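Each of the next two complexes has chain A plus one more chain, namely chain B in the first and chain C in the second.
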Partner chain A sequence: MLALDLLVNGLVFGLFYALMAVGLAMIFGVLKVVNFAHGEFYMVGAYAYVLLALKVGLSPWVALPLAAVGGAGLGWLVERLLMRPLSVGYGSWSLWKDEYSVVVTFGLSLLLINVVDKVVGPYAFLGPPLLRTRSLSVGPVLVNGQKLIAAGISVALLVGLALFIKRSLLGRQIQAVAQNRLGASLAGIDATHTTSVVFAISGALAALSGALLAPLINPTPDVGAFPAIKSYVIVVLGGMGSVWGAMAAALLLGVLESFFAVYVSYAYRDALGLLILILVLLVRPQGLLGEKVREV
Partner chain B sequence: MSGPSNLWVNRLRADFRAVLAGVALLTLVPLFVTTPYSLGILIVSIYFALLALGWNLLAGFTGQFSLAPAAFAMLGGYATGLLNYHLGASLAVGIPAGVIGTALLGWLLGRVVLRLRGPYLALTTLSFAEIARVVVGNSHEFTRGDQGLNVPTLFQSRVGYYYLFLGTLIVTLLFLYSLLRSRTGRFFLAIRDDPTGAQSRGIDVVRYKTLAFTISCAICGLAGSLYGTFSQLVSPEMGSLLQTGLVIAMVVIGGIGTLTGPLVGALLVYLTSEWLRGINIQMIVFAATVIIFARFFRTGLWGLAMRAKPQASEPKGIVGSPT
Partner chain C sequence: MAKLACIALTGALWLATTAAAAEPIAIGISLTQSPPGSVIQGTQIKQGLEIMKDMVNSKGGVLGRPLVLIYEDNQGIPEKGRAATEKLITKDKVVAVTGGHQSSVCLAEIEVAHRYGTPYVNVNCYSDDVRKKGYPEVFNPSNYNTRSATAIAETIAAMGVKSVVAFAENTDYGIGGAKNLAELIKAKSPGTEFSYVTLDRAGKDFTPAVLALRAHPPEMVVTLMIPPALYILINQLYEQGVAPSRKTWLFEGAGVVDYPDFWQNVRESAQWMISFGLYHPQMPIPKLGHDIAAEYTRRFNGEPPRMIFQATDSLLVLVDAIEQAKSTDSPAIVKALQTMKFDGARGTFQFGHEGGYGFQQWVDVPYVIYQVTEVNQPVSKTTLVKSPGGSLDVKKLQRPN
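Right after this comes the complex of A and B.
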């Protein structure tokens, strides 16, 4: 039952990708910029979890929510200190939006990597598992217990996020700002506050993704690079700014990678993402569920 | 030709004169600096200045953001190295092949990505850079992987290499200056300042964006290829995002959208980086500086210097705007 194993494993990884990519899609939705420090939200989450559990000695079940709070705080700070000029006013910054956002978020990414590298050190830490379980068999499939728990938490988070966006007032405000920032402001929505909330949620989700994977991946300071790249592929595949597209595309990418690694090439499994990215840009630039991209 | 000092042509000329003065000073440096170690540091600074100029043509003058200048330098170095390793091709073939190969790759990638408006170039080049690095590192039989690949050297003399890099820098600057003064350069600026306006005036925006990206990649490829022969080794680390971060730091700190800025930034950042290497905080310092400059001094040191002068003029403005 190799195919079934691969499918389940792919879906599990797809869930972790989804936690990250959804936040990236939401940020793109409200600000129309890409956060190139998104992988470092993930890294900070992984480190917060590992250090709180190993060095401070907290139970993993306490360290996990604290890592999420840390990620949310970081996201909120990034919006407050660095992204405000993009969302306040319609003055000169709109001309330099791309320049500013690429340079600042990429700079932030390097800053966080190097600060962690200097303060904590470049070596890898293995996080403690949430539960000490051996592999469980679910039907005919054998799954690592930690992965199964992490996947369950991810599903709960994603469902919760979907309900939040669909049902709650704040969620609807986020949708409105993403559709038309000026229109939403005219309707009395505080777009700046909404953007802060989006950054905090994105930071928390990316940090949780890192914390949940910390027992499986040996976090190092540059651990965020590949999850971030996968999130970029996913948001393009799903349609820039589309949260539902990002969820679907994350699961799809997880499964495709899982099969690619076994049937095509393990060493080059990461190259699949780039291949998909280029194919999507060639064939369907608006992605699976996105609005039509404006060609120049 | 004289006119109001903030006309683009006049600003560009002042900028070009400043950079020529800087280069003239650099030609005298080997008279005072003779240790191979210090010359080596200066050579690497000029390598970074070339990358910074290449990135700046795209980001500063055309408004398109690539995150792969270092990756294209790596690929240029590998093109030269691999041609020699597998086919025994001499550097006379290998270096032009590095330039043409990276230009071709840039053109292909640009064709796919630059049709679209938005952050697609930054997204795709970042993914491309990291994946190219991993693929090169994993292809042990073909590229010797993470061990790196030996590249033959052009000559032994450090001073010779210094003047080779400086000569390349001068040729690149002359080329960029004449390009920016030409019709094509005006099109680049128009695309940067207002893509919709440029399109409505009949400029083939996609074609010129792709052209800027191709030239930018070729400059990076050339720099990488020369760097490979200088250090006699190319490795996947050459293309890491850290190196790209250094290039961006140089341009943003020196002054984006100018010719002098990248050169000053490259010397300043790389020399400081050597100085701070002992305590290993150079990347923290540069990343923080980049964020502060982008946030508060977006015209960089060049802009600050211009502001300090009487009849201040911002280096970046709308093409042909009335005074």
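Right after this comes the complex of A and C.
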């Protein structure tokens, strides 16, 4: 009974982690940079949802897609204004000033946290739930209604994203740019446009993740820090840049954490992810589904 | 020529005297004004300090000089608190430091204050360790872990509760409080089983810890955490049907019902919750306390939270000590703080001289215990179970319907 509860809770949180981590993996895939402001895309989504629903008075079902649009817009702006100037030959062979991207995204993270803190305030805001029912019994398992519906939406989004990447022309272009930016550009793919799309999708997914969790996690300006750290672990565990690997790793981490908390130690639950990170880097540095590469 | 020189000298002396008379007395304030620390506490403390500063300056200042407050944002991070205190003392030349409200930060800051011999008044750091260091510069006019743990343990004993699980945040406040509670429950309610679980204060999902209680819920769950993690935990305890329930009481040990965002974040989850508090509008306070409450309401609307009184008292003791010492020298201020009796916003007190948690502490700092019986209930309407100096009446406590 407890094990089933823990499994369901772990899978549900794994889905939320996946929504966050997939966007991070996609950005790494196409640009080979880690977006340290990814947690703040999540925070912006959570705040957009809460403020639109509570202050503007929109239905949560309207606020949710608007939060995603906000996240997509933010992602697009970050790529357009902050990422492009860091590269020479951005549309093709792309010579990166990698260390600058770390500083820029880290600075952006601090900026967004403090802007929200000063403009909206330091107070926590519990978002309105999409479903009024707070808890639902599913067999022997008691699940929060918001968690259940958010998990359902997350599954739909992840399946939709997987189909989009695999089947659509733009999705294939993203795969091509991720595999070889120069090769993709030689084949006539607009790598610049593709990168913009990836940032927008990444921003939208992170914002949606924040918005879906806003009725559960009482967002504050620094709410993104924690899921961002989990996302970095997941991206490495799944294989840097691998979307499928990120999805699998997110679910695995969610379940492992859930059981670890009860049967080993709650205090060290969050250290588990970092322990896994170290083990993966030592034993299988390419991650679960990443490819082993050697650069010369 | 000599007459002219004499006039010039007199003029220069007059100017120098006037300048000295007008030179403000600076008090350093290190508190949280941006994440990840508790900005809510920092904001409330700043509001209280500004009220007291204006009251002092409207009456002519301190030693005839205006009082100024120099703020530093420590973000609730110990290293930043340490740097802020260093800067306030060495660069801004403040005569004393106050504002501390998170135990881990206070513990870092008092090391600096102790090194320079600068008076330090703790506003809201509960950890007993702040007192146990025994630093002569550090004074504590507010609550401490042993005090709140004693209050909770006495309530548990009076209610006849036989099993208690505490959720404590992984900070000096949380872990220290849980250990104190374990000792005090053992002493005051020997038959009661007690255990505690440490939770990450930055955590967003405590469901696994709550699920572990669902099959065999204790008679009481105690929380030793601050928001926003506390809000998440309260909601998850309620969602899983653990507490408050017909079987399990919920006791909130940090005193956050008066936080401005409390009800927005917990809604029906907090109905029937029992809370430890440091202020209740029904508790008796001196005229100064009423004046401060009225000024708070005039400036910010609503009932004043307890942090306002803690902040005003912290600044007031420094002002009174400087007046008593007739000096801004640190040793003189420390000596005055050690020996004086203060008429604060919450009562008259003197700092204790015994060692341990009572060192330079207002040992009998007033506290209340009350139960929230309705959603969105202001503190003034909650059921007061224990008022300062009054007896504990647990018969007033109600279980959920």
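One rule holds for everything that comes next: the second predicted complex is superposed on the first by the 281 of 296 C-alpha atoms of A that agree within 3 Å, B and C clash if a C-alpha of one lies under 4 Å from a C-alpha of the other, contacts with A are read in each partner's own complex, and residues count from 1 in each chain.
By our rule, contacts are C-beta pairs under 8 Å (C-beta built on N, C-alpha and C of every residue); 3 or more make two chains touch, one makes a residue touch a chain.
Fair warning: this is a prediction, and the values are worked out from it, not measured in the lab.
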{"item": "Simultaneous placement of chain C and chain B on chain A, clash or fit", "value": "clash"}
{"item": "Which of chain B and chain C A:261 touches, first, second, both or neither", "value": "second"}
{"item": "Contacts of A:190 with chain B and chain C, given as first, second, both or neither", "value": "neither"}
{"item": "Contacts of A:114 with chain B and chain C, given as first, second, both or neither", "value": "both"}
{"item": "Touching partner for A:227 - first (chain B), second (chain C), both, neither", "value": "second"}
{"item": "Contacts of A:102 with chain B and chain C, given as first, second, both or neither", "value": "first"}
{"item": "Which superposed partner A:270 touches (first chain B, second chain C, both, neither)", "value": "both"}
{"item": "Partner chain in contact with A:33 - chain B first, chain C second, else both or neither", "value": "first"}
{"item": "Partner chain in contact with A:144 - chain B first, chain C second, else both or neither", "value": "second"}
{"item": "Offending stretch of chain C which, after superposing on A, collides with chain B (from 26-34, 62-70, 170-178 or 386-394)", "value": "170-178"}
{"item": "Touching both chain B and chain C, residues of chain A", "value": "113-114, 225-226, 267, 270"}
{"item": "List of chain C residues in touch with chain A within their complex", "value": "34-36, 39-40, 42-43, 170, 197-200, 202-205, 207-209, 211-212, 214-215, 227-228, 231-232, 235, 238-241, 260-261, 264-267"}
{"item": "In the complex, chain B residues that touch chain A", "value": "59, 63, 65, 67, 112-120, 122-124, 126-128, 130-131, 134-135, 138, 193, 195, 199, 205-206, 209, 241-242, 245, 248-249, 252, 256, 280-281, 283-284, 286-288, 290-291, 294-295, 298"}
{"item": "Chain C partner contacts - residues on chain A that touch it in the complex", "value": "1-2, 5-6, 9, 13, 113-114, 117, 122-126, 134-135, 142, 144, 213, 216-223, 225-227, 257-259, 261-262, 266-267, 269-270"}
{"item": "Touching residues (chain side chain A, partner chain B) in the complex", "value": "28, 32-34, 36, 82, 85, 95-96, 98-104, 106-111, 113-115, 118, 225-226, 229, 232-233, 236, 240, 267-268, 270-271, 273-274, 277-278, 281-282, 285, 293-296"}
